[in-house]
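Common to both upcoming complexes is chain A, partnered first by chain B, then by chain C.
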Partner chain A sequence: MSDVKKFLYVNRKAPYGTIYALESLEVVLIGAAFEQDVALAFLDDGVFQLTKSQETDGIGCKNFSPTFRALGDYDVTRLYVERESLEERGLTEDDLQEIMYEDEDDDWAEKPSICVISRAEMADVMAEQDVILSF
Partner chain B sequence: MSTLHTVNKSPYMTQSLVSCLNHCKEGDAVLMIEDGIYGGLAGGQMAPIVEEMGKKVSLYVLTPDMAARGVDSSRLLEGIEGVDYTGFVELVTKHDRTQAWL
Partner chain C sequence: MKIGVLVSEGPYTHEAVDSAYNFVKAALAAGHEVPRVFFYHDGVNVSTRLSVPPQDERNIQENWTNLAKEHGVDLVVCIAAAQRRGILDKNEAERQGKDADNIAEGFRISGLGQLIELGIQADRLVTFGD
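Coming up: the complex of A and B.
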(Lines of atoms letter the chains of each structure in order from A and count residues from 1; the text may use other names and numbers.)
(Lines give C-alpha, C1' and ligand atoms only; values in the text may rest on other atoms or scores of the structure.)
Protein backbone atom coordinates (compact mmCIF):
# COMPACT_ATOMS: atom_id res chain seq x y z
CA MET A 1 0.00 0.00 0.00
CA SER A 2 2.99 2.29 0.37
CA ASP A 3 2.87 3.09 -3.34
CA VAL A 4 -0.54 4.74 -3.01
CA LYS A 5 -0.13 8.46 -3.60
CA LYS A 6 -2.44 11.36 -2.94
CA PHE A 7 -3.57 12.91 -6.23
CA LEU A 8 -5.41 16.21 -6.51
CA TYR A 9 -7.00 17.36 -9.78
CA VAL A 10 -7.31 21.15 -9.69
CA ASN A 11 -10.13 22.54 -11.87
CA ARG A 12 -10.06 26.30 -12.49
CA LYS A 13 -11.91 26.70 -15.79
CA ALA A 14 -15.57 26.93 -16.78
CA PRO A 15 -17.09 24.05 -18.77
CA TYR A 16 -17.62 24.08 -22.60
CA GLY A 17 -15.73 27.30 -23.44
CA THR A 18 -12.49 25.32 -23.48
CA ILE A 19 -11.73 21.59 -23.48
CA TYR A 20 -9.97 21.66 -20.07
CA ALA A 21 -12.97 20.71 -17.91
CA LEU A 22 -13.92 17.69 -20.02
CA GLU A 23 -10.29 16.57 -20.34
CA SER A 24 -9.85 16.79 -16.56
CA LEU A 25 -12.85 14.53 -16.02
CA GLU A 26 -11.51 12.05 -18.58
CA VAL A 27 -8.13 11.91 -16.87
CA VAL A 28 -9.77 11.51 -13.45
CA LEU A 29 -11.75 8.52 -14.73
CA ILE A 30 -8.62 6.97 -16.28
CA GLY A 31 -6.60 7.64 -13.14
CA ALA A 32 -9.29 6.12 -10.93
CA ALA A 33 -8.40 2.70 -12.38
CA PHE A 34 -4.98 2.85 -10.72
CA GLU A 35 -6.36 2.75 -7.17
CA GLN A 36 -4.71 5.90 -5.95
CA ASP A 37 -6.08 8.33 -3.37
CA VAL A 38 -7.89 10.80 -5.64
CA ALA A 39 -9.62 14.09 -4.82
CA LEU A 40 -10.87 16.95 -7.00
CA ALA A 41 -10.63 20.65 -6.30
CA PHE A 42 -12.89 23.30 -7.87
CA LEU A 43 -11.86 26.93 -7.58
CA ASP A 44 -12.03 30.13 -9.63
CA ASP A 45 -14.21 29.49 -12.71
CA GLY A 46 -13.93 25.75 -12.04
CA VAL A 47 -16.90 26.05 -9.69
CA PHE A 48 -19.11 26.65 -12.76
CA GLN A 49 -18.48 23.02 -13.80
CA LEU A 50 -20.71 21.74 -11.01
CA THR A 51 -23.81 23.90 -11.56
CA LYS A 52 -27.27 22.33 -11.87
CA SER A 53 -29.49 22.27 -14.97
CA GLN A 54 -26.82 22.28 -17.68
CA GLU A 55 -28.50 21.73 -21.06
CA THR A 56 -26.11 21.62 -24.01
CA ASP A 57 -28.37 20.62 -26.94
CA GLY A 58 -28.27 24.20 -28.21
CA ILE A 59 -24.47 24.34 -28.56
CA GLY A 60 -23.82 20.85 -29.93
CA CYS A 61 -21.51 19.80 -27.09
CA LYS A 62 -21.71 16.73 -24.88
CA ASN A 63 -23.20 17.60 -21.50
CA PHE A 64 -20.66 15.98 -19.19
CA SER A 65 -22.06 17.36 -15.93
CA PRO A 66 -23.98 14.11 -15.08
CA THR A 67 -20.64 12.26 -15.20
CA PHE A 68 -19.62 13.90 -11.92
CA ARG A 69 -22.36 11.86 -10.24
CA ALA A 70 -20.68 8.64 -11.42
CA LEU A 71 -17.35 9.43 -9.73
CA GLY A 72 -18.46 7.76 -6.49
CA ASP A 73 -18.57 4.41 -8.31
CA TYR A 74 -14.85 4.90 -9.04
CA ASP A 75 -14.05 5.63 -5.39
CA VAL A 76 -13.63 9.34 -6.14
CA THR A 77 -15.67 10.69 -3.25
CA ARG A 78 -14.09 14.02 -2.36
CA LEU A 79 -14.93 17.09 -4.45
CA TYR A 80 -13.62 20.17 -2.68
CA VAL A 81 -15.30 23.43 -3.74
CA GLU A 82 -13.88 26.79 -2.67
CA ARG A 83 -16.46 28.96 -0.91
CA GLU A 84 -14.87 32.30 -1.87
CA SER A 85 -14.90 31.32 -5.56
CA LEU A 86 -18.64 30.60 -5.32
CA GLU A 87 -19.34 33.88 -3.52
CA GLU A 88 -17.31 35.99 -5.94
CA ARG A 89 -19.51 34.62 -8.74
CA GLY A 90 -22.81 35.14 -6.94
CA LEU A 91 -23.29 31.38 -6.42
CA THR A 92 -24.15 29.32 -3.36
CA GLU A 93 -23.94 25.60 -2.65
CA ASP A 94 -27.64 25.37 -3.68
CA ASP A 95 -26.64 26.23 -7.25
CA LEU A 96 -24.52 23.07 -7.45
CA GLN A 97 -25.85 19.66 -8.41
CA GLU A 98 -26.17 17.04 -5.70
CA ILE A 99 -23.39 14.46 -5.95
CA MET A 100 -23.60 11.46 -3.60
CA TYR A 101 -21.51 8.34 -2.95
CA GLU A 102 -22.11 5.17 -0.97
CA ASP A 103 -19.73 4.77 1.97
CA GLU A 104 -18.63 1.12 2.08
CA ASP A 105 -17.20 1.63 5.58
CA ASP A 106 -20.56 2.86 6.88
CA ASP A 107 -23.07 0.24 5.66
CA TRP A 108 -23.20 1.88 2.21
CA ALA A 109 -24.80 5.01 3.61
CA GLU A 110 -25.34 7.76 1.00
CA LYS A 111 -23.15 10.75 1.67
CA PRO A 112 -22.46 13.99 -0.23
CA SER A 113 -19.23 14.10 -2.24
CA ILE A 114 -19.14 17.89 -2.49
CA CYS A 115 -17.38 19.57 0.39
CA VAL A 116 -17.42 23.38 0.38
CA ILE A 117 -14.29 24.69 2.08
CA SER A 118 -12.61 28.05 2.56
CA ARG A 119 -9.68 29.33 0.50
CA ALA A 120 -7.35 28.75 3.46
CA GLU A 121 -8.60 25.17 3.79
CA MET A 122 -8.09 24.68 0.06
CA ALA A 123 -4.47 25.74 0.50
CA ASP A 124 -4.14 23.10 3.24
CA VAL A 125 -5.65 20.42 0.98
CA MET A 126 -3.20 21.33 -1.78
CA ALA A 127 -0.25 21.25 0.61
CA GLU A 128 -0.92 17.68 1.69
CA GLN A 129 -0.83 16.13 -1.81
CA ASP A 130 1.86 14.03 -3.47
CA VAL A 131 0.79 14.87 -7.03
CA ILE A 132 -1.22 17.85 -8.32
CA LEU A 133 -2.63 17.89 -11.85
CA SER A 134 -3.93 21.26 -13.08
CA PHE A 135 -6.70 21.90 -15.60
CA MET B 1 -22.37 53.99 -37.23
CA SER B 2 -22.15 51.40 -34.51
CA THR B 3 -20.28 48.26 -33.59
CA LEU B 4 -21.35 44.86 -32.29
CA HIS B 5 -18.76 43.58 -29.82
CA THR B 6 -18.60 39.89 -28.90
CA VAL B 7 -16.91 38.65 -25.73
CA ASN B 8 -16.29 34.92 -25.30
CA LYS B 9 -14.22 34.79 -22.08
CA SER B 10 -15.34 34.78 -18.46
CA PRO B 11 -14.77 38.19 -16.82
CA TYR B 12 -13.58 36.33 -13.73
CA MET B 13 -10.61 34.90 -15.64
CA THR B 14 -9.63 37.57 -18.17
CA GLN B 15 -9.90 41.33 -18.73
CA SER B 16 -11.65 40.90 -22.11
CA LEU B 17 -15.09 42.12 -21.04
CA VAL B 18 -13.74 45.11 -19.08
CA SER B 19 -11.44 46.07 -21.95
CA CYS B 20 -14.30 45.71 -24.41
CA LEU B 21 -16.59 47.93 -22.31
CA ASN B 22 -13.74 50.42 -21.95
CA HIS B 23 -13.59 50.78 -25.74
CA CYS B 24 -17.32 50.88 -26.51
CA LYS B 25 -18.99 53.93 -28.02
CA GLU B 26 -22.47 55.14 -27.27
CA GLY B 27 -24.98 53.05 -29.23
CA ASP B 28 -22.75 49.98 -29.51
CA ALA B 29 -23.94 46.51 -28.54
CA VAL B 30 -22.05 43.89 -26.53
CA LEU B 31 -23.02 40.26 -27.00
CA MET B 32 -21.66 37.85 -24.40
CA ILE B 33 -21.15 34.36 -25.85
CA GLU B 34 -19.52 31.07 -24.72
CA ASP B 35 -17.80 31.57 -21.33
CA GLY B 36 -18.49 35.27 -21.76
CA ILE B 37 -22.09 34.75 -20.58
CA TYR B 38 -20.86 34.71 -16.97
CA GLY B 39 -20.42 38.47 -17.41
CA GLY B 40 -24.21 38.75 -17.28
CA LEU B 41 -24.56 37.11 -13.85
CA ALA B 42 -26.19 39.18 -11.15
CA GLY B 43 -24.83 38.89 -7.64
CA GLY B 44 -21.19 38.28 -8.52
CA GLN B 45 -18.15 40.51 -8.02
CA MET B 46 -18.27 41.65 -11.65
CA ALA B 47 -21.97 42.57 -11.58
CA PRO B 48 -21.63 46.18 -10.36
CA ILE B 49 -18.76 46.78 -12.79
CA VAL B 50 -20.71 45.44 -15.78
CA GLU B 51 -23.81 47.32 -14.66
CA GLU B 52 -21.94 50.64 -14.44
CA MET B 53 -19.76 50.25 -17.53
CA GLY B 54 -22.63 48.81 -19.58
CA LYS B 55 -24.89 51.84 -19.21
CA LYS B 56 -23.99 53.38 -22.56
CA VAL B 57 -24.36 50.17 -24.58
CA SER B 58 -26.95 47.45 -25.17
CA LEU B 59 -26.02 44.19 -23.46
CA TYR B 60 -26.98 40.79 -24.85
CA VAL B 61 -26.25 37.15 -23.97
CA LEU B 62 -26.50 34.12 -26.23
CA THR B 63 -29.20 31.89 -24.70
CA PRO B 64 -27.92 28.48 -25.91
CA ASP B 65 -24.61 29.22 -24.16
CA MET B 66 -26.51 30.14 -20.98
CA ALA B 67 -28.56 26.94 -21.08
CA ALA B 68 -25.43 24.82 -21.59
CA ARG B 69 -23.93 26.31 -18.45
CA GLY B 70 -27.09 25.99 -16.35
CA VAL B 71 -27.56 29.76 -16.10
CA ASP B 72 -31.26 30.69 -16.02
CA SER B 73 -32.35 34.08 -17.37
CA SER B 74 -33.59 34.95 -13.87
CA ARG B 75 -29.91 35.10 -12.82
CA LEU B 76 -29.05 37.86 -15.28
CA LEU B 77 -28.48 41.51 -14.49
CA GLU B 78 -31.45 43.70 -15.24
CA GLY B 79 -31.52 45.12 -18.77
CA ILE B 80 -29.57 42.27 -20.38
CA GLU B 81 -31.42 40.69 -23.28
CA GLY B 82 -31.13 37.04 -24.29
CA VAL B 83 -30.79 36.25 -28.00
CA ASP B 84 -30.63 32.94 -29.90
CA TYR B 85 -28.48 32.27 -32.99
CA THR B 86 -31.01 34.04 -35.24
CA GLY B 87 -30.87 37.03 -32.91
CA PHE B 88 -27.05 36.93 -33.13
CA VAL B 89 -27.27 37.17 -36.93
CA GLU B 90 -29.76 40.04 -36.67
CA LEU B 91 -27.39 41.93 -34.36
CA VAL B 92 -24.58 41.42 -36.87
CA THR B 93 -26.72 42.84 -39.68
CA LYS B 94 -27.93 45.78 -37.57
CA HIS B 95 -24.42 47.08 -36.88
CA ASP B 96 -21.77 48.36 -39.25
CA ARG B 97 -19.06 46.02 -38.01
CA THR B 98 -18.45 43.19 -35.57
CA GLN B 99 -15.47 43.20 -33.25
CA ALA B 100 -14.55 40.00 -31.41
CA TRP B 101 -12.75 40.44 -28.08
CA LEU B 102 -10.92 37.10 -27.89
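Coming up: the complex of A and C.
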Protein backbone atom coordinates (compact mmCIF):
# COMPACT_ATOMS: atom_id res chain seq x y z
CA MET A 1 0.00 0.00 0.00
CA SER A 2 1.53 3.26 -1.09
CA ASP A 3 -0.14 5.83 1.16
CA VAL A 4 1.03 5.87 4.76
CA LYS A 5 -1.15 7.49 7.38
CA LYS A 6 -0.45 8.39 10.97
CA PHE A 7 -2.49 6.13 13.25
CA LEU A 8 -2.82 6.80 16.97
CA TYR A 9 -4.41 4.24 19.25
CA VAL A 10 -5.71 5.99 22.35
CA ASN A 11 -6.09 3.81 25.44
CA ARG A 12 -8.16 5.34 28.21
CA LYS A 13 -9.42 2.35 30.19
CA ALA A 14 -7.96 0.08 32.85
CA PRO A 15 -6.55 -3.22 31.53
CA TYR A 16 -9.19 -5.37 33.21
CA GLY A 17 -12.82 -4.77 34.15
CA THR A 18 -13.74 -4.16 30.52
CA ILE A 19 -12.42 -5.70 27.32
CA TYR A 20 -11.47 -2.43 25.62
CA ALA A 21 -7.75 -2.62 26.44
CA LEU A 22 -7.35 -6.21 25.20
CA GLU A 23 -9.33 -5.62 22.02
CA SER A 24 -7.40 -2.40 21.40
CA LEU A 25 -4.14 -4.34 21.51
CA GLU A 26 -5.59 -6.84 19.04
CA VAL A 27 -6.22 -3.99 16.58
CA VAL A 28 -2.68 -2.71 17.07
CA LEU A 29 -1.18 -6.13 16.33
CA ILE A 30 -3.29 -6.68 13.22
CA GLY A 31 -2.78 -3.09 12.09
CA ALA A 32 0.99 -3.50 12.28
CA ALA A 33 0.86 -5.60 9.11
CA PHE A 34 -0.37 -2.56 7.16
CA GLU A 35 2.91 -0.67 7.51
CA GLN A 36 1.38 2.57 8.69
CA ASP A 37 2.95 5.14 11.00
CA VAL A 38 1.66 3.85 14.34
CA ALA A 39 1.80 5.24 17.87
CA LEU A 40 -0.06 4.43 21.08
CA ALA A 41 -1.29 6.85 23.72
CA PHE A 42 -2.12 5.98 27.31
CA LEU A 43 -4.16 8.36 29.39
CA ASP A 44 -6.76 8.37 32.14
CA ASP A 45 -7.03 4.83 33.60
CA GLY A 46 -5.32 3.60 30.43
CA VAL A 47 -1.96 4.22 32.15
CA PHE A 48 -2.66 1.17 34.34
CA GLN A 49 -2.32 -1.00 31.21
CA LEU A 50 1.45 -0.51 31.28
CA THR A 51 2.05 -1.15 34.97
CA LYS A 52 4.53 -3.88 35.86
CA SER A 53 3.86 -7.04 37.87
CA GLN A 54 0.27 -7.53 36.79
CA GLU A 55 -1.24 -10.68 38.33
CA THR A 56 -4.62 -11.78 37.01
CA ASP A 57 -5.07 -15.35 38.26
CA GLY A 58 -7.67 -14.22 40.76
CA ILE A 59 -10.00 -12.79 38.11
CA GLY A 60 -9.69 -15.56 35.53
CA CYS A 61 -8.51 -13.19 32.80
CA LYS A 62 -5.39 -13.56 30.70
CA ASN A 63 -2.59 -11.22 31.72
CA PHE A 64 -1.86 -9.64 28.35
CA SER A 65 0.60 -7.02 29.61
CA PRO A 66 3.70 -8.95 28.37
CA THR A 67 2.41 -8.39 24.83
CA PHE A 68 3.30 -4.70 25.10
CA ARG A 69 6.97 -5.70 25.30
CA ALA A 70 6.66 -7.45 21.92
CA LEU A 71 5.35 -4.36 20.13
CA GLY A 72 8.86 -3.35 19.08
CA ASP A 73 9.03 -6.48 16.92
CA TYR A 74 5.97 -5.13 15.10
CA ASP A 75 7.66 -1.76 14.52
CA VAL A 76 5.39 -0.15 17.08
CA THR A 77 7.97 1.84 19.02
CA ARG A 78 6.20 4.94 20.33
CA LEU A 79 4.08 4.60 23.46
CA TYR A 80 3.09 8.02 24.77
CA VAL A 81 2.02 8.11 28.41
CA GLU A 82 0.35 11.18 29.89
CA ARG A 83 2.21 12.45 32.94
CA GLU A 84 -0.85 14.01 34.59
CA SER A 85 -2.78 10.74 34.32
CA LEU A 86 0.07 8.94 36.09
CA GLU A 87 0.27 11.58 38.83
CA GLU A 88 -3.49 11.67 39.40
CA ARG A 89 -3.30 7.93 40.12
CA GLY A 90 -0.25 8.05 42.36
CA LEU A 91 1.91 6.40 39.73
CA THR A 92 5.36 7.26 38.42
CA GLU A 93 7.28 6.02 35.41
CA ASP A 94 8.98 3.51 37.75
CA ASP A 95 5.64 1.72 38.15
CA LEU A 96 5.54 0.98 34.41
CA GLN A 97 7.08 -1.97 32.60
CA GLU A 98 10.34 -1.40 30.80
CA ILE A 99 9.48 -1.61 27.11
CA MET A 100 12.39 -1.45 24.68
CA TYR A 101 12.84 -1.60 20.94
CA GLU A 102 15.83 -2.03 18.67
CA ASP A 103 16.40 1.03 16.50
CA GLU A 104 17.34 -0.26 13.04
CA ASP A 105 18.45 3.26 12.03
CA ASP A 106 20.93 3.37 14.91
CA ASP A 107 22.79 0.04 14.65
CA TRP A 108 19.95 -1.77 16.46
CA ALA A 109 20.57 0.13 19.68
CA GLU A 110 18.06 -0.68 22.42
CA LYS A 111 15.87 2.31 23.21
CA PRO A 112 12.84 2.81 25.44
CA SER A 113 9.45 2.83 23.70
CA ILE A 114 7.65 4.60 26.53
CA CYS A 115 7.70 8.37 26.37
CA VAL A 116 6.04 10.24 29.25
CA ILE A 117 4.64 13.53 28.02
CA SER A 118 2.44 16.28 29.45
CA ARG A 119 -1.26 16.66 28.74
CA ALA A 120 -0.51 19.66 26.53
CA GLU A 121 2.05 17.67 24.56
CA MET A 122 -0.49 14.84 24.22
CA ALA A 123 -2.86 17.30 22.58
CA ASP A 124 -0.11 18.18 20.09
CA VAL A 125 0.50 14.49 19.35
CA MET A 126 -3.21 13.99 18.69
CA ALA A 127 -3.43 17.05 16.49
CA GLU A 128 -0.89 15.70 14.03
CA GLN A 129 -2.61 12.33 13.44
CA ASP A 130 -4.61 11.21 10.41
CA VAL A 131 -6.57 8.47 12.16
CA ILE A 132 -7.31 8.24 15.88
CA LEU A 133 -8.86 5.09 17.29
CA SER A 134 -9.98 5.54 20.89
CA PHE A 135 -10.50 2.61 23.24
CA MET B 1 -16.13 12.94 1.20
CA LYS B 2 -15.43 9.28 1.91
CA ILE B 3 -16.38 8.54 5.53
CA GLY B 4 -15.65 5.32 7.40
CA VAL B 5 -17.55 4.49 10.57
CA LEU B 6 -16.57 2.41 13.60
CA VAL B 7 -19.26 1.24 16.03
CA SER B 8 -17.85 0.09 19.35
CA GLU B 9 -20.83 -0.30 21.67
CA GLY B 10 -23.70 -2.76 21.63
CA PRO B 11 -27.35 -2.23 20.67
CA TYR B 12 -30.06 -1.03 23.09
CA THR B 13 -27.68 -0.64 26.06
CA HIS B 14 -25.84 2.25 24.41
CA GLU B 15 -27.07 4.95 22.07
CA ALA B 16 -23.81 4.87 20.10
CA VAL B 17 -25.12 2.44 17.51
CA ASP B 18 -28.27 4.56 16.98
CA SER B 19 -26.16 7.69 16.62
CA ALA B 20 -23.97 5.89 14.10
CA TYR B 21 -27.06 4.86 12.12
CA ASN B 22 -28.45 8.39 12.09
CA PHE B 23 -25.04 9.77 11.16
CA VAL B 24 -24.62 7.37 8.23
CA LYS B 25 -28.11 8.17 6.92
CA ALA B 26 -27.44 11.90 7.17
CA ALA B 27 -24.01 11.58 5.55
CA LEU B 28 -25.45 9.61 2.61
CA ALA B 29 -28.31 12.11 2.26
CA ALA B 30 -25.76 14.91 2.12
CA GLY B 31 -24.01 13.20 -0.78
CA HIS B 32 -21.08 11.69 1.10
CA GLU B 33 -19.84 8.19 0.51
CA VAL B 34 -19.92 5.69 3.38
CA PRO B 35 -18.16 2.63 2.00
CA ARG B 36 -18.05 0.62 5.20
CA VAL B 37 -19.23 0.46 8.79
CA PHE B 38 -17.07 -1.68 11.08
CA PHE B 39 -18.58 -3.23 14.21
CA TYR B 40 -16.21 -3.93 17.09
CA HIS B 41 -16.38 -4.76 20.82
CA ASP B 42 -20.07 -5.25 21.77
CA GLY B 43 -20.97 -3.48 18.52
CA VAL B 44 -20.87 -6.91 16.88
CA ASN B 45 -24.08 -7.79 18.73
CA VAL B 46 -26.00 -5.56 16.32
CA SER B 47 -25.60 -8.25 13.68
CA THR B 48 -27.57 -11.09 15.26
CA ARG B 49 -30.78 -11.80 13.39
CA LEU B 50 -32.18 -13.46 16.52
CA SER B 51 -32.93 -10.28 18.46
CA VAL B 52 -36.64 -9.70 18.93
CA PRO B 53 -37.26 -6.22 20.34
CA PRO B 54 -40.83 -5.22 21.34
CA GLN B 55 -42.87 -4.20 18.30
CA ASP B 56 -43.21 -0.60 19.40
CA GLU B 57 -39.41 -0.25 19.60
CA ARG B 58 -36.92 0.31 16.82
CA ASN B 59 -35.34 -2.82 15.39
CA ILE B 60 -31.68 -1.84 15.24
CA GLN B 61 -30.51 -4.86 13.25
CA GLU B 62 -33.26 -4.46 10.64
CA ASN B 63 -32.49 -0.77 10.27
CA TRP B 64 -28.87 -1.56 9.43
CA THR B 65 -29.81 -4.43 7.12
CA ASN B 66 -32.13 -2.12 5.20
CA LEU B 67 -29.44 0.54 5.02
CA ALA B 68 -27.02 -1.99 3.54
CA LYS B 69 -29.62 -3.08 0.98
CA GLU B 70 -30.59 0.42 -0.06
CA HIS B 71 -27.18 2.06 -0.13
CA GLY B 72 -24.73 -0.80 -0.52
CA VAL B 73 -22.91 0.05 2.71
CA ASP B 74 -20.49 -2.76 3.62
CA LEU B 75 -21.35 -3.83 7.18
CA VAL B 76 -18.36 -5.68 8.60
CA VAL B 77 -18.35 -7.50 11.92
CA CYS B 78 -14.97 -8.21 13.53
CA ILE B 79 -14.42 -11.95 13.58
CA ALA B 80 -12.44 -12.08 16.83
CA ALA B 81 -14.95 -9.93 18.70
CA ALA B 82 -17.84 -11.86 17.11
CA GLN B 83 -16.55 -15.28 18.10
CA ARG B 84 -16.20 -14.20 21.74
CA ARG B 85 -19.80 -13.01 21.75
CA GLY B 86 -21.50 -15.83 19.82
CA ILE B 87 -21.97 -14.16 16.46
CA LEU B 88 -21.40 -16.70 13.68
CA ASP B 89 -22.02 -16.98 9.98
CA LYS B 90 -22.64 -20.33 8.29
CA ASN B 91 -18.99 -21.00 7.50
CA GLU B 92 -17.77 -20.14 10.99
CA ALA B 93 -20.53 -22.19 12.63
CA GLU B 94 -19.46 -25.22 10.62
CA ARG B 95 -15.77 -24.59 11.22
CA GLN B 96 -16.30 -24.25 14.97
CA GLY B 97 -18.67 -27.21 15.19
CA LYS B 98 -21.64 -25.13 16.32
CA ASP B 99 -25.23 -26.14 15.51
CA ALA B 100 -26.42 -22.75 14.26
CA ASP B 101 -25.40 -19.44 12.82
CA ASN B 102 -27.07 -16.13 13.54
CA ILE B 103 -25.65 -13.36 11.38
CA ALA B 104 -28.26 -11.13 9.77
CA GLU B 105 -28.55 -10.30 6.09
CA GLY B 106 -26.39 -7.39 5.01
CA PHE B 107 -23.63 -8.10 7.54
CA ARG B 108 -20.45 -10.03 6.91
CA ILE B 109 -17.79 -11.33 9.27
CA SER B 110 -14.21 -10.42 8.52
CA GLY B 111 -10.95 -9.43 10.16
CA LEU B 112 -9.64 -6.31 11.87
CA GLY B 113 -7.66 -5.58 8.74
CA GLN B 114 -10.90 -4.27 7.28
CA LEU B 115 -10.93 -1.56 9.95
CA ILE B 116 -7.33 -0.53 9.29
CA GLU B 117 -7.97 -0.53 5.54
CA LEU B 118 -11.00 1.70 6.12
CA GLY B 119 -8.84 4.11 8.12
CA ILE B 120 -6.32 4.23 5.29
CA GLN B 121 -8.81 4.64 2.46
CA ALA B 122 -11.42 6.95 4.00
CA ASP B 123 -10.99 10.71 4.30
CA ARG B 124 -12.38 10.51 7.83
CA LEU B 125 -12.88 7.64 10.27
CA VAL B 126 -15.64 8.43 12.75
CA THR B 127 -16.00 6.36 15.93
CA PHE B 128 -19.27 5.88 17.79
CA GLY B 129 -18.66 4.54 21.28
CA ASP B 130 -18.79 5.67 24.87
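Here is the rule we use: the second predicted complex is superposed on the first by the 133 of 135 C-alpha atoms of A that agree within 3 Å, B and C clash if a C-alpha of one lies under 4 Å from a C-alpha of the other, contacts with A are read in each partner's own complex, and residues count from 1 in each chain.
The criterion applied here is as follows: a contact is a pair of C-beta atoms (placed from the backbone, for glycine too) under 8 Å apart; a residue touches a chain by one contact, two chains touch by 3 or more.
The structure displayed is predicted, hence computed values, not measured ones.
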item: Partner chain(s) touched by A:D3 [first = chain B, second = chain C, both, neither]; value: second
item: Broader residue contact with chain A after superposition on the shared chain, chain B or chain C; value: B
item: Touched partner set for A:T67, first chain B, second chain C, both or neither; value: neither
item: Which of chain B and chain C A:T51 touches, first, second, both or neither; value: first
item: Partner chain(s) touched by A:V27 [first = chain B, second = chain C, both, neither]; value: second
item: Contacts on chain A seen with chain B and repeated with chain C across the two complexes; value: none
item: For the chain A and chain C complex, residues of the former touching the latter; value: 1, 3, 5, 7, 19-20, 23, 26-27, 30-31, 33-34, 36, 130-135
item: Chain A-facing residues of chain C, complex; value: 6, 8, 40-41, 80-81, 84, 111-113, 115-117, 119-120, 125, 127, 129
item: Of all residues in chain B, those that touch chain A in their complex; value: 8-10, 12-13, 34-35, 38, 41-45, 47, 63-65, 67-72, 75, 84
item: Contacting residues of chain A [partner chain B, same complex]; value: 13-18, 44-45, 48, 51-59, 61, 63, 65, 88-91, 95
